[in-house]
Each structure stands twice: as structure tokens, then as C-alpha cells.
Amino acid sequence: MPRRSASANPVYKIVEVVGSSPTSWEDAARSAVEAAAKTLRDLSVAEVTRLDMKIEDGKVVAYRARVSMSFRHED
Amino acid sequence: MPRRSASANPVYKIVEVVGSSPTSWEDAARSAVEAAAKTLRDLSVAEVTRLDMKIEDGKVVAYRARVSMSFRHED
Amino acid sequence: MPRRSASANPVYKIVEVVGSSPTSWEDAARSAVEAAAKTLRDLSVAEVTRLDMKIEDGKVVAYRARVSMSFRHED
Amino acid sequence: MPRRSASANPVYKIVEVVGSSPTSWEDAARSAVEAAAKTLRDLSVAEVTRLDMKIEDGKVVAYRARVSMSFRHED
Amino acid sequence: MPRRSASANPVYKIVEVVGSSPTSWEDAARSAVEAAAKTLRDLSVAEVTRLDMKIEDGKVVAYRARVSMSFRHED
Amino acid sequence: MPRRSASANPVYKIVEVVGSSPTSWEDAARSAVEAAAKTLRDLSVAEVTRLDMKIEDGKVVAYRARVSMSFRHED
Amino acid sequence: MPRRSASANPVYKIVEVVGSSPTSWEDAARSAVEAAAKTLRDLSVAEVTRLDMKIEDGKVVAYRARVSMSFRHED
Amino acid sequence: MPRRSASANPVYKIVEVVGSSPTSWEDAARSAVEAAAKTLRDLSVAEVTRLDMKIEDGKVVAYRARVSMSFRHED
Amino acid sequence: MPRRSASANPVYKIVEVVGSSPTSWEDAARSAVEAAAKTLRDLSVAEVTRLDMKIEDGKVVAYRARVSMSFRHED
Amino acid sequence: MPRRSASANPVYKIVEVVGSSPTSWEDAARSAVEAAAKTLRDLSVAEVTRLDMKIEDGKVVAYRARVSMSFRHED
Amino acid sequence: MPRRSASANPVYKIVEVVGSSPTSWEDAARSAVEAAAKTLRDLSVAEVTRLDMKIEDGKVVAYRARVSMSFRHED
Amino acid sequence: MPRRSASANPVYKIVEVVGSSPTSWEDAARSAVEAAAKTLRDLSVAEVTRLDMKIEDGKVVAYRARVSMSFRHED
């Protein structure tokens, strides 16, 4: 296997973002994706890596979803 | 402990199925369960093993839920 | 580092609770939090540690969320 | 999805118990379940989360099984 | 590394099966293996991926073992 | 969220396959994918879940790759 | 293996506690152990299951250690 | 659940940083937090995801702590 | 915290051993412990890290238990 | 342990990058490292955190390697 | 189940070895296996537990594979 | 990729050691490293794989750190 240049291959970076919503984890996750999409190219899949809830006075005040996405890397 | 026949004991198989929905993970997971239920017997619990989203043009176009279920095995 | 008394530091206990709902995991998780909040102090975050579904006759009859919470410990 | 009361949904708590036996992990696990069943309602499944052995003078003196169970929560 | 045909290499599929027994996890796991062996070729190792118990009226009524096996795949 | 029919949503099944090769894990994994592709539709991603080697007389005689794939489910 | 009474075998329960300290994780963990020891018998080992820090205004204001302990269970 | 704008919900990004210290993991972790705090807003919790040590000539020359933090995301 | 000599503190090494038995995992694990105990000092706990079975001609021919033990380290 | 300045300790950030190659995971991983090295200082180790393959028409069209690297952090 | 001698059962020990190669992970893993095979008996399977790369001046200078093997234990 | 000799590549073995200290996990981990360094060559990194505490009479009597190290393997 010769040590040839690998520079033509596409490269992606991973980013993890936490979205938040008062109503649902879907809404929280969609917030995270849409915020990331404002500056990042070629998002195609977002995996959920954690779900949790913020509680105040014994009530759930926010659903939060942590999502991991890959985007096209420019040097 | 004698090496007696074990054939009277019920046996279950595990299947993993991915459901998809434009609106929610509940809808996605229910799709997966209902598709599996068309051909499999004795489903009783379905565990979520992965949640992710499909993204197009910076928007979430599908919520996907991977679920693991056991069903009654016939030889 | 002297072996001084540690008794002034706040201490929390972890509890895991499973909530259930016919309609959504958000509803199931909120049930778990609200039930815990009736007797426990200072809940602030609840992490989801498992999501599953109860199935009867090939239909999802309940969405269940297992959540882990910390609360203020009184001796 | 309106913020309706979730109080009609059943809620379960998780407890982890370690049973011990000089002869087998089945016996150890059964001890754990039966001890828990004296005070807890609606146990239906117990998952094994760890198996180990206590050793003295190079001999196994106890098989231990850690099991996780859910039981019906009363406020 | 030329893109040569890989078809001469043997291929195996993974199956997960849950066996059940009123007396022991060994008996449960053996049930799972023997049920799978009725239709599958070349089983050689079965890994335990979960052990649990079914409980009724505070008593263990079944020991269950989930096992993962590979078998020879025919197209 | 009404309990509407979920049947229009696409559903995928997960399969795990082990490929084997005397020369490389790439070759082993490609064997697994190509064997699966003979009968399954819509494979798009295959994740590696385990890499190991078979050894005989102190030599590596096969590289093995376990891969997990999703394919379009027909009822 | 006869279904004999398992009641003579000792049974332990698992508890998870989070201790906190402005100076070190050792101090935080010791707080957790000493708080638990006020009411629980036969603590012998405490495993660390998570370490984190509370931050205010860009400064670490508390080191927190989550520890898991087993204690002698009385029915 | 209507597809309403999610843009009012706060969004956080996750960053992982490794701090290093010749004396303790607390010092290493604090370094990581304080370096991150110079440019990032709203840090509130930092979780430890790995602890290791650098060794030279058989001596520990640095304690290193990898910590994961979330910070307020600006588009 | 001065860099004082740590040589008075006891040090243990971890060893992983796989035992095998035609009849049970308890017997397999006990074999592993007793073989290790012939040459190692101060074994006190052995944790099970994997359970599997060897299959020949569709029958379980051996139950195998991998166990992890710590023993007193002499330089 | 006095609360002294920790600013002299070196700090590293973690980045995850996915490389891709039509021929091998080594080539894919090398792409990821070389792309990252164009802008980041002091890369010394890159850990593989996921290997997968992109499939089109039943053929592997790309081997992909996700790698995690640490680099020197400048404020 | 009588406490009979378990000494006739074969016992294996687990060893983890890291191989290194300038060209591929297969070469690195084969180095690890062949080095281990010089002194150990009955190696049959080697599982990969970690893959990483050593980087110098922004270039991959070594592929490293950590592999776990079992070998026949002599007392 | 020809099946050339791999013997020129360096090979490392992994060892796990548990250190103990009455005062801190740093001291415990340093004990483990220094004990290992008496007989092993080329230790460069030690990863912490478990932290726990020994408790007597409700007090922490020892902090223990399990660390994993690689060292240069001689046949």
C-alpha cells in the first residue's frame, strides 16, 4: 500500500450541540440542528447522545437533547 | 444438575428494527413496533437502542428510532 | 491535606424512577419527575437512562422513561 | 401537547440489591429478589448487573449477584 | 490492494436468542443454543449478553439468558 | 398527538454479519457487505462492531470484521 | 438444585450518593461516605461512578464525586 | 405538534479540554476550566471524562484530566 | 501536597483468567480462582467480566467464565 | 492545597474528525489526521472511535474512520 | 451441586498486547500476535480492543493495535 | 500487501495495577506507577480505569486507583 497523498478524500468534523425546549425533545433536538446548520455545511445525520430535563420547583421546565453531527471540513 | 432435555422451555429471538417519522420519535418507534407485529408473535417490550435524525438542507426531515424486541421463536 | 471535618459540604442522593404514559416519553418522564418531587428536595436535573415501550396485541400501550435524579440528602 | 396532569400514570422506582450464596449465583439472585419482595410491590423483572465471588484462603466462599428491580412507587 | 472478489471468504450472521428455565441460567442458555442449533449451521461460541429473572408474587419463576451466536450464512 | 396510522413511514431492520479474510479487515468487511447485499435492499451504511483475528500455530490465519447494517423491511 | 429457602444469606442494597467540596474530589467523596455512614451499616467499599465540577463566573466552585456503596439490608 | 420556529430556545455547544498539572487532578481540571472560560460563556458544569498520568523515567511528571463542558452558542 | 515517598502503600496487580466446566459457570469460575490461587497472594474478590459457552454439534460442551482478580504485588 | 494560579499548565483541546477513503481505513484515518494537522499544533496521538463503510448499489464505496485527537490550545 | 474438585478443567489467562507498524493495523496486530506466540500456548482468537495512531510533525508515523488474547495457563 | 515479517516493530504489553493511599488518589496512582516502574521499561502513560475507597467503621481508610499502563515487551 503506497503512502500516496490522501488529500482528495473528503473530511468531516464532529460537533456536539445541546438544544433545549419547554415542550419536547424533538423540538430541543431540532433547535440544535437548526442552530448548527446556520454555519456548517453538509449536515446529514444527527445522533442523540443524551436526553435530560431541567427541573425547577419540582416541575420540568426544559427538555434538553444533546446531538452529535458531522459537517464538511474546510481547512 | 443432570443434563436433561431443555426443550420445554420457551425461547425468544431478538430483532432490531428502525422506524422513521417526520414528526416524532414516538411515531417512529410505533412504526417499528407495528411493522414487526405483522409477522412476529408475543412482542411485549421494545427497548430504544438509538435515536437519530435525518437532515436535508439544514432541516430535520425524519426522526428515527431503533428499537430492540424479543418475539416467540418457532423452530 | 489535613483530615478535617467534611460535614459542612452538601450531600445528594441519586434515585432512579420509571414514568409511564400512553402518549409520549415526555409525558412519561414528567410523571417520574413530578412523583419524585412530592417527597424530595432540590431536584434540578433528571437524566434519561432508558426509554422503552410496553406492547399488547402488537400495539404500543405505554411509553416508559427511566430517569435518574439527585436530591438533597438529610441525615 | 398540552401540559396536562401526569398523575394518573403509574410510576416505578429502581432498586439495586446484592444477594449472596455459598453455592450458586441463582441462589444469590433469588435471595436478593425475595428480600426485596418482603417490602416492595409489583416486582416483575430483575436484571443482573454484576456477578462476583468472595474469596478466602484461595477458595470461593460466596457467589454474589447484584440485581436491579423496579417496584411500584407510592408517594 | 486491488478490488478483487471477496466471495470465497466465509461469512457468518449473528443471532440473539433468549432462553428461559425455572431452575438455572445454564439450563436457560442451553435451551437457547439447542433451539438455534435446529436450523443453523456451524455454531461454535455463544456469548451471554444479558441475564435476568421473571418474578411473580415475589418469587423467581424463570431464569432467562440472552445469548449471541454466529452461524454460517448461505446466500 | 392523535394515534394515527404510522404505516406510511419506512421501516428498516438491523442485521449483523461477520466477514473473514486472510489479508485484511477491509476485505473481510467487504465480504460481509457483499454477501448481505445479495438478498437485502437499500443498504447504505455498515458500522464495524468488532474486529478480531483467528490464530493457528501462532500465526494470524484470518482477519474478521463484524458489521451492523440496516436494510429496507418488507412485511 | 432443590428450591430451598435462601433466607439465611446476607443481602445488601446499593446506594449512590454525591458529595461536594470546594477543595478536592477526595474531600467530596469522603463527605458522601460519612453522610451515608450515619444511617447505614456495613459499608466496606465505595466506588466512584462520576467526577464533575460546578463552575461559577468561569471558576471551579465545587468538586463533586458520585459514589456507589453497598450496605447491609434489614427487611 | 406544529412545526413552529425553534429559534428562541437556547443552544449550547460541547467542548472537551485536557488540563495538566504536576501536582493533582484537581489542579489539572481547574486549568482546563479556566482556559476554556477565557473565551466561552455560561459554563456551569464540567464532567471528567478521563484521568491519566504522564510518566518519565518511571516517575509521574503530570496528572491530566479531560473534561467536557457546555457553553452558550452564538450563531 | 509534598512529593513524598509512596513506597509504604500496598500495591495490587489485576489478572484476568478464564475457567471452563462442562456443568456450570460457578464451576468454571471456581476453577479460574483456584488455578490463580496456587501462585498468587491475597485474592479477595473475583469479578465476572464475561460468560460464554463452547458449542460442538449443536450442544453446549463447556461453560466458560472470565474473571478479573487482584493480587498482592511483590516487586 | 492553596488556590494558586493554574495558568502555567499546558491545555489541550479534543477534536473528532472523520476521514474517508475508497481503499482502506488506514488511508481514511491518515486523511483525517493530515487535514487536522494543517491548522492544529502538537498532535501526537489519534484514537479511532468508529469505523464504518458507505455502501452504494451493494458495494462498499468508502471506508470511513472517525478519530479523536488532542491539540495545543491557545486562548 | 457438590463442591467437587475443579482441577481437571482447562484454565486460560488473558493478555493484552499492543503491536505497531508504519503501514497498517493488520501488520500491527500481527506483530502483537506473533510476539505473544513466542512464549504462549494455545492462542486461538485475538480481539482488537483499541486502534490508534502515533503522529509526528503532522504525519502518521505508526498504526497501533491493542489486542486481547487468551492462552493456556500452567500453574 | 505481502505477508512480510513483522518482527522489527516494537511490541508493548498492558498491565493493570491498583495503588492505595490513606490521603489521595494521586498518591495511590503514583504508588502504582512507581511499583510497576521497578521492573518494567518504557512506561509513558498510565490511564485511570477505576477509583474507589476502602471504608472501615464509617470512615475512608484508603483511596485506591486502578491504572492501566503499557510497557516494552521482551520475548
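Note that the chains are named A, B, C, D, E, F, G, H, I, J, K and L in the order they appear, and that numbering of residues resets to 1 at the start of each chain.
By our rule, a contact is a pair of C-beta atoms (placed from the backbone, for glycine too) under 8 Å apart; a residue touches a chain by one contact, two chains touch by 3 or more.
The model shown is predicted, which means the values in this text are computed figures rather than measured ones.
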{"item": "Chain whose average C-alpha position is farthest from chain J's own", "value": "D"}
{"item": "Most remote chain, CA-based centroid, reference being chain A", "value": "I"}
{"item": "Identified repeat of the E-I interface (over half of residue pairs identical), from K-L, D-I or A-H", "value": "D-I"}
{"item": "Centre-of-Cα separation between chain K and chain C, whole angstrom", "value": "42"}
{"item": "Chain centre separation in whole Å, for chain J relative to chain I (CA means)", "value": "36"}
{"item": "Mean-CA-position distance for chain E and chain B (Å)", "value": "18"}
{"item": "Junction residues of chain E - those touching two or more other chains", "value": "1, 23-26, 30, 34, 38, 51"}
{"item": "Footprint of chain J on chain K - complex, ascending", "value": "23-25, 50-56, 58-60, 63"}
{"item": "Parts of chain J lying in touch with chain K, wherever the complex brings them together", "value": "24-26, 29-30, 33-34, 37-38, 43-48, 51, 67, 69"}
{"item": "Interface residues, chain A side, partner chain H - complex", "value": "15-24, 26-28, 30-32, 34-35, 38-39, 66"}
{"item": "Touching residues on chain J, where the partner in the complex is chain H", "value": "1, 6-7, 9-14, 70, 73, 75"}
